[in-house]
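Only one structure is covered here, and it is reproduced in the block below.
In this document, chain identifiers A, B, C and D correspond to the written order of the chains, with residue numbering beginning at 1 in each.
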């Protein structure tokens, strides 16, 4: 396993290099019957497409996705969905100078040491273009989630020193600026900061935050495949991500239990309305109501705060799931840098060409889709957690 | 898959609850021929044992590990190693009050919702006692790593607001205080802070840092099973961990490329000495030297700084691997907290009994061993990365 | 992965050696809420226990199973179920002579070559005692299946040249003879045959057949994880199994399509009753009936014959699933055999001690339980095959 | 996991339908540095191509494979190799009649029941065209094996009642007849038999045998991932395979231990030459010789017979690995058959169009390549079986 697959039931397998013929992904385990078109996927890919502003690379890839299998008459068939985006714009010569020199902050050196040689035309598998596969696979997952009432929303929370102001945060305006910052003031400041970095032939890091609403309670497995650890793996596997936190994250390490613990409460007027609802149900169907009764009540449990970020014991707790990912600055900078050659000589390098001064805006959709892949997989795994539900499922569907 | 297994080749399967008969782990895929005794594992378990200071619970578990299989005449046989720690001190009545009430910050509510009911005697699988399985499995991994020249060292970096001073950091003194802080001054301050928290019937969070030295270059798989994402998953699967970062982590998000990029350089006198070394080798054995030549040179590549934390493109880069984990405050506090009952009534709870005001010191060894499990697994997976090495391996060993 | 785990959702991990401390298994992914006691498992283990007749070894192991985790107040909790059978009767000296000699037909030689040495006290992991783990894990699976209306029934179909007569086959009498042959006449002949083999210091092979009734249609995944290939892997992983076939199996290779194809027909009076049933449903609830209508009708499809053995395209087709496993003769025989020593000298060996002249009768329950493990796993995996059912599941259980 | 992936380290993921855009496979975990061209794969695909004789379908697919990723400058890079064969000849109308009728012996009915609907244009995923993915992925594995000195050779052993005569068996002439039978006399008889079946609008089953030479000893994992069970799963996952046996297989069930056990012997003059060889080595390099000494001797162990088919205890034993697969007759026959419609009506069907009267000849290469995939995967997994070899590997390659 060279680690190009992720997931247990909803399982994706990524392939392709930045300067090869294309990039693609095979999605295995997507439930049958989902209405799916290339357009459903394309809208996600367009969000990570380069060439959309002065902060993204000038490569004019069409990045048109093609569905090669797994969809018949507009619906998924339950069999593997193969997606491909052919590379159109392959100026390999742009990269010829770096064949023999290790770019600082890139995977050139580690690739050479692991495999004995590397595809030196750009980053190969370590290129940002590999995220096309993730985004395409996650677009499908996100569509399934949407049908289940689950929304995954990511945005640029900070760029360098500029952070979205919680008071100005307006999710609906995220896509109105090239930085995907849902706060126009912060966006303008960040743009100014990035212009400065470009001038300095430098680059910037940033933070993406992701908010998931509508998750059923109890999704995630209690030990190694926690919702938190699974999300962590998925997000930390995105190139350039150096940190991941759930809820209060690192701030929780400086907090105290009496603050960090989220109190449980019944929703306003809950015990009454729950009883009422339960009794109504009882009139309709005595025994199914009984067995579901305390669960229904439990359904009205809420947390007064959400320091936990929607996950308790590795399982979703019904609150919004909130996590953040820290992205390092783009390593490709035009400034002169010290490095070494493949032959073991000290050298200097200036990386010109088409590179974003910041990865974060284009990574927003990647975070969103990788989260969707993880959530859907754990939702499907979770279906067998209770014997009564398994029995009912097969009783009903036989 | 209820997610109780982790790893591809070195694969561990954890079982057991805090108030059941015991906790154990099956280690599958440990290479044959490792000298292994119960004592090798016990020294790690003793580091997480409760009852060692006023900051850890009063439970006096012996926590004696027993090897049930996989070792013959003092050496591992290559077959699964089954380890068990029987529970000795099961005061279930301590917990009887919580059967019907959801403790804030705990997994009681999510367990009930996922499975329909739960083992209400303590945290069940979500208890800190589950980490016995991780520690035992990781102790074996750590021994293998040691034989390969790889050291994994974790320590308490901060407790609440108190952080180890880099200038006073002395790894050798870590075990001289109950908090596993390798800085005596910080340890004393942290103790005072914790005494205050105990007085306030409160608890504290903290940060563990882990440093790995001696890793070969190129370990980790480039896409989903990166060294960083695999470590992230392993560490984020430890209960109470809310954040994970590699190298500069979240600070990198505020940095710029010209600072964050680590320059490569040849080690002092390198290009000469490399050439010399290469030629000496040539004299001994012409053709093996040739095929290894540029690799040897590459072997002397180092990074001038280590903002990356030893990982580039998801693969080890030869520098120390450095990561940090943020732990939330212990959720069990004696202070009165709002919550709800299983039956959907608002309620209050005070959690008395045996609880640490801080999880971090006992978690240090858990972080260390989970890292060891991950590193060893990826080292074994990495053995098949190059065809020439695979062929040489079988040619030699046939 | 040293391959000691099997399954995706219902996943079992086996450990232990014949002359170590014991043999055990961890069952991960068993749905919560199953009523489970040690007795439920013990009845299966008792069927494979040695010392029950003159055809099974004289070892008087109690083989008492103990549940160490995953069950609370008599029900499974959804967390891993750890089972152990401690070894009681460890006469290692019986085996001391074979430490340096490779027994023909055994794994001694291959173990030594793979791992560099072996636990020479008996077969180690290759011993028949390893099947305790399989049987215990499968007993739980079989109980779940029973609750879903699925029965798994295996029996001794042939011993050497003696085969059960289809006309005399009576499943209810299987357990009335030590050979588990559901045909008294064949059982008596087989006993005579085995007595002869014992006299000749020889052993016999045989065939186990397994019949599964009540399986829902559509279980099994269409490509690599077919129901047939998954059953094949599980059964071929039992020591001494050298062949596996589904339905007509090898006989199908000599057949023709017009015979081997199983015609589909609607069950007697079906189209009418189906229509009637469908219309009744329509009266109750218009739109759910519509969407389920053709499925209901399809539910009355049956095959006129069952050459396919209940599997079409790798998925269950609603007919009984029928497969057979061929077991080689017990390799341990008292007769003098040629072999070599660990030091590379030619040698002779006579294997005395406690060995069955036939493996098959004790293997019947192993086949049955391994089938149960496989069926349950694929049933759980299958729950996410259709989006409408996934949505309905979460809608209903939220 | 919809089961479209197979393998642990060398892992293949298959996608595509017979009447979709194409069929493809992603190969993850192929070691870097293998010289690989499309031609290497094409020669295998050409062996399963239709339209080559009167016994294979008339579809004139070019079946040209394209490598989309994972190969750079003619060598594998260690990253996933994506292969695609686009469908050229899609006469969907040929199949329009079967949209609403279940073909006996096909997966139409089970697909509909599992997924709610199906791609009714041909067999979809259950079509023989899916084996393009297997063959392409296995061609790469076979090339790696060849470089390691391992040959995988499959052939048509029987067609209906006609079986290759062991005395006339000549592996070198296999490809000289359209049936891939390495016995000209049997081939002519089988052709006559098939002509008769075509005349009768019927079809035939058959048996493929596979022989693997040059395998190192000790490959395969001792419990669930035995070499035998892994091969069994891979082969039984090929559509139409109903039986699998290793070595003597089902015949072993009728045999006795004294016959079925394969005696071990040292090769001719072995103990002397082994000693001599060992001492020579000792002169060169004392300590490496010592540690390898008894292994070298063991290297000269051979079995006098091979009833075991090259596998003992689930691991390769150094003899040729021999297995057989039973294929059912092609289910598509022109003769009138009873069946039912999707709407639950009894019906009749005649399947005209392009169908082979026998699957076996085209399946020979599929068996061969699926075996190659399995062997290579287990060879790579096996590299970590011994600690001394792991340490030496990293010591040498660091």
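Operating definition for what follows: a contact is a pair of C-beta atoms (placed from the backbone, for glycine too) under 8 Å apart; a residue touches a chain by one contact, two chains touch by 3 or more.
On a predicted model such as this, the values are computed, not experimentally measured, just so you know.
*Asks:* Stepping chain to touching chain, what's the minimum from chain B to chain D?
*Replies:* So the least number of steps between the two chains is 1.
*Asks:* Across the interfaces A-C and B-C, which one involves more C-beta pairs in contact?
*Replies:* Of A-C and B-C, it is B-C that has more C-beta pairs in contact.
*Asks:* Measuring centre to centre with CA averages, how many angstrom lie between chain A and chain B?
*Replies:* 25
*Asks:* Centroid of chain B to centroid of chain C, CA atoms only: how many Å?
*Replies:* 38
*Asks:* Provide the list of chain A residues touching at least two other chains, using ranges where the numbers run on.
*Replies:* Expected reply: 1-5, 8-9, 14, 29, 32-33, 78-79, 114-116, 125, 217, 222, 381, 385-386, 388.
*Asks:* Please name which positions on chain B make contact with chain D in the complex.
*Replies:* 8-10, 29, 31-34, 76, 78-79, 144, 147-148, 216-217, 222, 299, 379-381, 383-391, 393-394, 397-398
*Asks:* Going by the contact rule at the top, pick out the chain C residues touching chain D in the complex.
*Replies:* It comes out as residues 1-6, 8, 14, 102, 104-107, 109-116, 123, 125-126, 130, 158, 160-161, 197, 200-207, 217-219, 221-226, 228-230, 232-237, 239, 241-250, 252-258, 260-266, 270-271, 274, 294-295, 297-298, 300-301, 304, 307-309, 312-317, 326-333, 335, 337-340, 342-346, 381-382, 385-386, 388.
*Asks:* Would you pull the chain C residues touching chain B in the complex into a rising list?
*Replies:* On the chain C side, the touching residues are 1-5, 7-9, 11, 13-17, 20-24, 26, 28-30, 32-33, 66, 68-70, 72, 75, 77-82, 84, 114-119, 124-125.
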